[in-house]
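When the chains are written out, they are named A, B, C and D in that same order, and each has its own residue count from 1.
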Amino acid sequence: MSFWQDPVAVIGQWILDLLISLNLPEAWVTFIYTLLGVIVVASFGLILVIFLIWVERKVAARFQDRLGPNRAGPYGLLQTLADIVKLLTKEDVVPEKADRLVFNIAPILSMVAVLLIWAVVPFAPGWIGTDLNVGVLYIAAVGSFGILSVLMAGWSSNNKYALLGAFRAVAQLISYEVPMLLTMLVPVLLARGMGMVHMVTAQDTWFIFLAPAAAVVFLISSIAELGRTPFDLLEAESEIVAGYHTEYTGMKFGLFFAAEFLHAFTVGVLFAIFFLGGWRGPWAEQAPILGLFYLMLKSIFGYFIIMWVRSTLPRIRIDHMLAFNWKFLTPVALALLILTAFLDKIFSETALRIPVLLIANLVVLAIGYVISSAMTRRQAKQRVKFKKRPVAKPA
Amino acid sequence: MIPLSWYLYLAAGLFALGLFGAVARKNAVAILMSVELMLNAVNINIVAFWRYLAPAEIGGQIFAIMVFAVAAAEVAVGLALFISIYNSRKTIAADEINLMKW
Amino acid sequence: MQNTWIFIGIFVAMAAVFPLLPIVVAKFLAPSKPNAIKLDTYECGMETVGDTWVQFKVQYYIYALIFLIFDIEVAFLFPFAVAFDMLPLFAVVEGIIFILILVGGLFYAWRKGALEWT
Amino acid sequence: MTVEQGIFLFIGFLILFSGFMMVTRSNLVHAALYLILVLFGVAVLFVLLNAGFLAVVQIIVYIGAIAILMIFAVMLTRGDVTGEAITMNSVFGWGMLLSSLFGFALIIMLGQWPAVTSLAPALPASWNELVEIGVAFLSPQGFVIPFEVASVLLLAALIGALYVARAPKKGE
């Protein structure tokens, strides 16, 4: 295998040989090798953030007919670096009434929660941090630390708006976690395994063709998990100042901010892995570097949809948002799960598997839409039923 | 290699801590948290026994999952009760909830 | 010991170090001139009235409750999904019954109006 | 001392320390955060015991849901969060006596049991815990009754808790 086809394997082998030639004990070799792997994967994520913030600002600007950052460096590429320098030199205020320890841990935890997902992301054939056999559940588990960090930040600030914001945020996050988990179950069911590598190799046909409705529900609930427009009620500045990170300043605020951006892209990556076949594409298995390219292409597609939604839709009211989750997304996700399990068992191994699943998905989505829109119309009718007031006649 | 005894001693210690909390804490929510400690101690024991004495029987892990389900049900109902009691009596101190005492 | 988990263990440690670094750097670079007003609770420039405890709705708890129940359900269903190939149709129907029982719970909550944000 | 033992000792210390802090803190949110540390430690123990699935479920269910529910309940009941109220019951001394007696009795009894020092046997070669669990849950020879009963239990808990928490308040 040549260097240009699979640089990671070549470099990895070289480092391993080097470590063994140093005559270290075996445990140390494993430790250092793993540590290097961790550093590579984690810093890949962190460096990506710097780039992503620029991309997001540029794209959002184009949507709004602006230019976006264009001063620092060519095309404003260095803007994020300038922002980092700015954040580093901002005074770090910890409010007097705050619970110092919890207050300081919360932003770190929010970053950790996002970064940990990257440990199981399969970048290309053979390029993966570690292939846990419980990969998908691991991602869900790591997500719960994110929820915890929001609650910790809101509570420790000792500010009623921060606490209110945290409560709203947590209500939103846990509500949307339900359809997200249920739709994550659909690809697991289709792949018959929840290791991330297995998930990719099982997608001879991309799962978006087997479960398009699940993909849509997953994407919507993931956007809600991000807390971005149209689901950005947790930081609705007109209602609750700035949400759970009201009291945060300087780099600690920057961490929450960076975690959100990285999370947005991570959602794109997960969407690509679960539904768009991960690194799969022509010749990816011969040249893993192509696999990385395909994965990034697909992830950026998912990320672009997220940005698109963000800059198009207005903020939803909180009762609408929660009703949308519990009365539309969750029932649809449950119906999809039941149907997928049943049909996949009956039609597994037959040629009908793909068309039947595809049609079932579309039917569920259509029925769900019809029922929910009928209900909305009925509610709207009920709402207009108030007494007619006599109209004042002009004298 | 870790001998089985380490897990069992740790679980015993955790269980005793939980027992202390459940008996001595005043706040009902804190009591429920202590009960969670005891359930976790039990779960450590179950999984350790499975791993050391019967690794071929998957029942050990199933049992632990059932403990999760029971713990979740217990917490859900327990906390709902406390919230309800708080709404009517404005306290959840365990020694002041004496509705059923005789 | 499982080798796959060593990576996660080290990753947790490193993932905590990475965000800690900028905070520590900021500690040296950033100015620190605290005063009473700056350290006060931020509330759009107003002085804070009352304590942090505002009345929270029971509705928050109810959403968390339904979430907890579904969380457990998903934990039960993941092994079901992984073992899918080994299961006869009969077992799959059992799994579907398991889901349907909890769907009943969701519809009970719906009918009772527990899902309304009032 | 091997690496594994080192990790165990560290985690064991963490669990016992956080457990102790949890039962003694009067600030209930702090107590809940220490509880989360304990739960996390137990998840690490599950990993050491080759039960990766249980470790992940422990984090999802306990930290992701139960601990959040606890913190919500603390907020909703305005307990002695500020730490001003009294932490302990009047039977505090009895609790201390009972639990320490119980703990020591357990430890002494464990010390006399011969199997206690046994080491972990090797797992079966082609071990796939997830498939094993899934099959065991759904096969009639296995645990299908507990599986369905768990669902009914959760349904009952959901309905009961909803009913209790939403019970109409008088005079409000």
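One rule holds for everything that comes next: a contact is a pair of C-beta atoms (placed from the backbone, for glycine too) under 8 Å apart; a residue touches a chain by one contact, two chains touch by 3 or more.
Being a predicted model, the structure only gives us computed values, none of them experimental.
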Contact-pair count is greater, between A-D and A-C, for A-C
When the centre of a chain is set as the mean of its C-alpha atoms, what distance in Å lies between subunit A and subunit C? 14
Could you grab the centroid distance between subunit A and subunit D? Build each centroid from C-alpha atoms only and quote it in angstrom. 29
Compute the distance, rounded to whole Å, between the mean C-alpha positions of subunit B and subunit D. 6
Starting from the mean Cα coordinates of subunit A and subunit B, work out the distance between those two points in Å. 33
Give me the residues of subunit A that touch two or more other chains. 132-134, 137-138, 140, 163, 167, 170, 174, 177, 193-194
Note the residues in subunit D that touch 2 or more other chains, in rising order. 3-4, 48, 50, 52-53, 57, 60-61, 64-66, 68-69, 72-73, 75-76, 78, 129-130, 132-133, 137, 150, 154, 157-158, 161-162, 165
Provide the list of subunit B residues touching at least two other chains, using ranges where the numbers run on. 65, 68-69, 72, 75-76, 79-80, 83, 87
Between which chains is there touch? A-C, A-D, B-C, B-D, C-D
Interface with subunit B, subunit D side, in the complex: residues 2, 4-5, 8, 12, 15-16, 19-20, 22-23, 28, 31-32, 35, 38-39, 42, 45-46, 48-51, 53-54, 57-58, 61-62, 65-66, 69-70, 72-74, 76-80, 85-92, 94-96, 98-100, 102-103, 106-107, 110-111, 115-124, 129, 132-133, 136-137, 142-143, 146, 150, 153-154, 156-158, 160-162, 164-165, 167, 169-170
Which of the residues in subunit B come into contact with subunit D in the complex? 1-10, 12-27, 29-30, 32-34, 36-37, 40, 43-44, 47-48, 50-53, 55-56, 58-59, 61-62, 64-66, 68-77, 79-84, 86-88, 92-95
Per the touch rule above, subunit B residues touching subunit C in the complex are 65, 68-69, 72, 75-76, 79-80, 83, 87
In the complex, go through subunit C and note every residue touching subunit D. 1-2, 4-5, 9, 53, 56, 58, 60-62, 64-69, 71-76, 78-84, 86-87, 91-92, 94-95, 97-98, 101-102, 104-105, 108-109, 112, 114
Residue ranges of subunit D in contact with subunit A within the complex: 3, 29-30, 33, 36, 52-53, 56-57, 59-60, 63-65, 67-68, 71-72, 75, 128-130
